[in-house]
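Look at the two complexes coming up: subunit A is in both, with subunit B in one and subunit C in the other.
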Partner chain A sequence: MLTYLRKRIIASALPLVVVIIGVFALARMTGNPAALYLPLNATDTMREEFAARNGLDQPILVQMAQYFGGIFRLDFGTSMRTGEDAATMALRAFPATLQLAATTMIIAILLAVVVGSVAAMKPNGIWDRCSSFISMTAASIPDFWLAIVGIWVFAITLGWVPTSGVVGAAAWFLPVATLVMRPFGTLVQVIRGAMVSALSEPYIKLARSKGATEYRVIGQHALRNAAAPGLTVAGDLTVGLVNGAVVVETIFGWPGIGKLMIDSIMQRDFAVLQACVLLTAVAIFILNILIDLGYALLDPRVRPSAGARKRRKARAAQGPTQGSDPRTPQLVGASMATTESIRGN
Partner chain B sequence: MATLEQATQLTKGKKRSDSRVSMFTMLLRDRFATVAAIFLTLVVLTAIFGPALMGDRATAQDLMFMNKAPFDPANGWLYFLGSDSLGRSVLARMVVATQTTLLVAVPAVLVALIIGSLWGVWAGYHRGRREAVSMRIADIIMSFPSLLLAVVVLFVFNPSAANIVLILAITRIPIYLRTARAESAELQSRTFVDAARTFGTKSNSIILRHVIPVVTPTLLTLATLEFCFVMLAESSLSFLGIGIQPPDVSWGLMVAQGRQYLQTAWWLSILPGLAIVLTAVAANVLAAWMRIATDPAQRWRLELDRKSTKAFEKATRQAAKMQVKKGND
Partner chain C sequence: MMTEMLDPVAKEQAMDEAVLQVQGLDVDIRTPKGTVRVVSSVGFSARRGKTLALLGESGCGKSMTAKAIAGLLDPVASVAGGKAYLDAQDLFSMNGKRRRAVAGEGLGIVFQDALAALNPVYTIGTQLGEAFRIHRGASRKQAKAEAIELMRRVGIPEPETRVNSYPHQFSGGMRQRILIAMAVALSPKLLIADEPTTALDVTVQAQIMQLLRKLRSEEQMAVVLITHDLAVVAEEADDVCVMYAGNVVEQGSVQRVFAQPTHPYTKGLLSSVPTDAHRGQGLTSIPGSPPELSKIPAGCVYQDRCPLAAAICREQRPELHETGPGQRSACHFSQQVAEMKPIDDSATGEDAH
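Right after this comes the complex of A and B.
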């Protein structure tokens, strides 16, 4: 397990570094923050002083080296806007997004498991068709539009919930309902596909012939096997939630990391932007590892035990085979394209 | 079991009588897909001819027709979908926006499709280091939420339509790269590719003649789904203010502009959003149909006419029930 984790960390470190360098360079190309933070009639000496204070007078490579050096000392720079520690600001905003994402994913997974399983019980039946159409629609509604429709119907016309804010359960309703749609729609399709193929397996017949109740057959035997592809997709959807969070947090004034990122881009607050990007990237990295661990728990075949390693080596010696990677799209079969298309949106 | 055999016979007989059913007939066999295809054709036609037909009606302001509610025939056809606070027709603006929206989404999908597929097929065919490096690059692009990257990039470079197309294409290339690589890695170990290799065919012509034709249907289906995603991404960007810039207008931008009038004129942001949803759903339905129509194992569903499909499904269900009963006994 430790070898596996080490490999994973090394493999993910490269994308992490590239993303940070990319954002670092891009952020500096947005223009000189001095124009934004100093008064219009600021003298040249004031501008130079400002640049020197924020380290902007150094060549970009030196700035980058200083930044990476700072990361190892857990120093992520200070915000130009508020003078606060950038990491503190990012960490303060993070829980709000995390709570929103966690609530959304829990609701989406529960709903999708129920709807997807019921749909898979009678493929091509009336309920299957309805649920496939509903899930398709849910997955294709733009979140910002849904948020606006929600505000129009529930906040303006009916006046049941506030238009923005985080206080009280009512304020949670619209943001969560908006964000739930896409993960729900995609997950229903994946779980339905996986359940249909799981229900046609011999072990289901065995369970039925042994007299297991339908509830037990579906809940115990089929769902456990359909959970693996669902888990992969759910993980990718959680990454995609960050996209949705940017839009939804902006609309509902949710004080999360998405809003902080947009604000810091607009205000050229480089240190905060980089801290946010780093935090998001690390969170996604941890999430991916958790998914891989969950995958190994669900499916003993991909457990990186000694036996599996031996088998994998034998297979590699035989020549290239397909499907040795548990996360190749073929696993999901019919819902392949869906799985691929939402990967890391 | 008798019923299942009958049903199989039924399919086989049908297959023999008209073994090659054209894509068009298969499209007509699926009612949802037919409607979706007609709708998408209408959208494309609107995008091509609409702006010319509308002329300057999309920008013409008429203060006599300020904030008119939609679906009121008294205002004439031009104001059928209402008007905004400057008295501009929502219908005319939406027609013009159709063109802008498609001019971003379609090139972005095509660029990503062509680059990603060729790259993926090439990487999967050669395997080894080329494959590993390609997949690492895909991982790097995919390891970060694409919308945020687009936001940062578009804020640096000015958000022109060409830049939006470029950034959307780049963030979506890995999707095709991964799928094409997986398919072609599997194909390159098949016997027909081996045969071509034994004959001394160059790898580039094997890729072109033997690998690409097999992976094309999958990739086209994927591209239809991606069209949806790219259109939604463009609207999100326009909504955040870093996509299409006024005075140009796209559906996403119309939703954003109408947002502040939500209390007084709901139609300004609700109707363009509806256009996005309908187009996206239509593309999704069509992609689902394409997946079945290009899959040899599932195609029979569309090759049969509706009556026999229903009969077959009923028979299969009954057979399954009987089996279950047998199992329970």
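Right after this comes the complex of A and C.
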């Protein structure tokens, strides 16, 4: 586990540095913040003073070096807009995004599992065709369009929900409903495909030969096998949401990291923008580790064989080990085969 | 040796022993080109404590027959006619719920490819105990205890620790043992073994067959053994049912059928077994290959490869008829099969009748 973590951290470090450099450089191309923060008639002296105060008078490489130095001291700079610590601002906005992402994904996964499984029971049947149509539509509707139509219908015409904000359960309805569409549509297709292939496997026949009910056959034997591809895609989709659902957060005034990022870009608030990017990158890194762990949890074949380790311990306790190292499944199989032929009849 | 079979009383008793009776079973497969009959009026019975072998080449319908009886046909295939009685219960007229109650409890099945048949994401213990959870309402703990007991019965070493292992952590022979354990978990009256040793090497094959024999005598199960291996039939089976292109061409006791085959196909199969073969000598085989199931000719299914084929064989499909004590053959010329010449010089045997 520690080896695995170490490998993952080393592998993620370089892309992270590249991302920060990219954001650092790109943000500065949007223009000089002084133009936004100082009055139009500001004198050159005021501008120079402002630049010096925010470290913008230094060459870009020096600024970058200072920034990287700051990261190691956990100093992510201060917001030009509010004078607050940039990291604090990013961390304050992040829970709103996480809550929105989690709610969306839970609903999308639950719905997709049900619809996808039902569709897979009779490939090309009526339910399969219906779910295929619905999921294709859901996956391809643009979210900004859906958000605007949603506001128009539910908030303005019907007046059931507020147009924006986070107060009360009703405020969640439109953002979640908008965001759920693409993950739902994509996952239905993935789960349907994985379920169709799982249901044609011989182990399904074996389960039926034991008298298992359809619920048991589909909900346990097939679904557990179909879950791995579902997890991969669900992971990617979650990454997209954690990154900040920029459009949806902006339209609904959701105070999440996506909205903070957009605001920071608009205001040329470099430190906050960088903190947001850094925070989401770390979150995605953690998410990927969780996905890997989930994968191992679902499919024992990709685990570093906990069973073999336990057996090795048991054998060591019983007496001298049998020479072969039963760490990999292949070797376990081979050593079992020898045991079998030795035991003979 | 089988004279007692002629005795009506003994015959009556033999019928009583029949755990499975299949009559006139037809199985159809729907293909894009239309419906194909892959099993055609197949009938046999399997007796308590005995092994019946369904013998034939691949694609002859033996596996389809087994799947139809077990209720595990693929969605494209369906039973088109006939009856199958398991202890007087009509299997084909049951609803889903009753069928599930029979599965595992009355009828167990051992599949061919153990790695594919075991669910890769569940432990062996979970899968072995599942039948007890489904049929006996066992708790997880009880089911696991039963699983360990089953593993011990089929000879898997260290069952207490291995019960938590996954299928990929076992060897092929061990996996096959696990499959067998699963099939016999609830002591079914009938065990169907679909080519249980095909994927295994020879030494392991022998062990698996021995295990099946041991369990059969312990449980007094009727065993239906599906195989293409004549040696396995000779060693393991009491009765044999020879299938060709979806039809039963000959059936009877193994001793009788193998000693005195009364169908040219059986005869051909038996003379293809190399005995006393010398280096450099060619192996005998039946010329030609089985017909495509969508293009089965009218008349006898074997006519294209049969050295005895005559005009009647092209017009009229032979019915199974008694050719000896408990032996039946579907050949118009069953009387002449005994005098049939060995195949390798039968190229001119067409006018033998």
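The rule is short, and it goes like this: the second predicted complex is superposed on the first by the 300 of 345 C-alpha atoms of A that agree within 3 Å, B and C clash if a C-alpha of one lies under 4 Å from a C-alpha of the other, contacts with A are read in each partner's own complex, and residues count from 1 in each chain.
By our rule, a contact is a pair of C-beta atoms (placed from the backbone, for glycine too) under 8 Å apart; a residue touches a chain by one contact, two chains touch by 3 or more.
Since the model is a prediction, treat every value here as computed from it, not as a measurement.
Visitor: Looking at the overlay, what does A:F144 touch: subunit B (first), subunit C (second), both, or neither?
Guide: A:F144 contacts subunit B only, not subunit C.
Visitor: For A:T213 in the superposed arrangement: first (subunit B), second (subunit C), both or neither?
Guide: So A:T213 only meets subunit C here.
Visitor: When the two structures are overlaid on chain A, which partner does A:V248 contact: first (subunit B), second (subunit C), both, or neither?
Guide: In the superposed model, A:V248 contacts neither subunit B nor subunit C.
Visitor: Could you tell me if A:N124 is touching subunit B, subunit C, both of them or neither one (first, second, both, neither)?
Guide: first
Visitor: Per the contact definition in the header, classify A:K205: touching subunit B only (first), subunit C only (second), both, or neither.
Guide: both
Visitor: Going by the contact rule set out at the top, does A:M261 touch subunit B (first), subunit C (second), both, or neither?
Guide: A:M261 contacts subunit B only, not subunit C.
Visitor: According to the contact criterion defined above, which of subunit B and subunit C contacts more residues of subunit A?
Guide: Counted on subunit A, the partner with more touching residues turns out to be B.
Visitor: Per the definitions at the top, what is the overlap between the subunit A residues touching subunit B and those touching subunit C?
Guide: 205, 208-209, 211, 329, 334, 336-337, 340-341, 343-345
Visitor: Please name which positions on subunit A make contact with subunit C in the complex.
Guide: Touching subunit C from subunit A are residues 201-203, 205-213, 216, 221, 224-225, 298-301, 305, 307-308, 310-311, 314, 329, 332-334, 336-337, 339-341, 343-345.
Visitor: Along subunit C, where are the residues that touch subunit A in the complex?
Guide: Answer in residue numbers: 70-72, 100-105, 108-109, 111, 113, 116-123, 127, 130-131, 134-135, 155, 157-158, 161, 164-166, 168-174, 179, 182-183, 185, 203-204, 206-207, 210.
Visitor: Which of the residues in subunit B come into contact with subunit A in the complex?
Guide: 32, 127, 136, 139-140, 142-149, 151-153, 155-156, 174-175, 178-179, 182, 185-186, 189, 218, 221-222, 225-226, 228-229, 232, 235-236, 239-240, 252, 255-256, 259, 262-263, 266, 269-270, 273, 276-277, 280-281, 283-285, 287-288, 291, 313, 317, 323-324, 327-328
Visitor: Looking at the complex, which residues from subunit A come into contact with subunit B?
Guide: Touch residues, subunit A against subunit B: 11-12, 14-16, 18-19, 22-23, 26-27, 29-30, 122, 124, 132-133, 136-137, 139-145, 148-149, 151-152, 156, 205, 208-209, 211, 239-240, 242-243, 246-247, 250, 261-262, 265-266, 273, 277, 280-281, 284-285, 319-322, 328-330, 334, 336-338, 340-341, 343-345.
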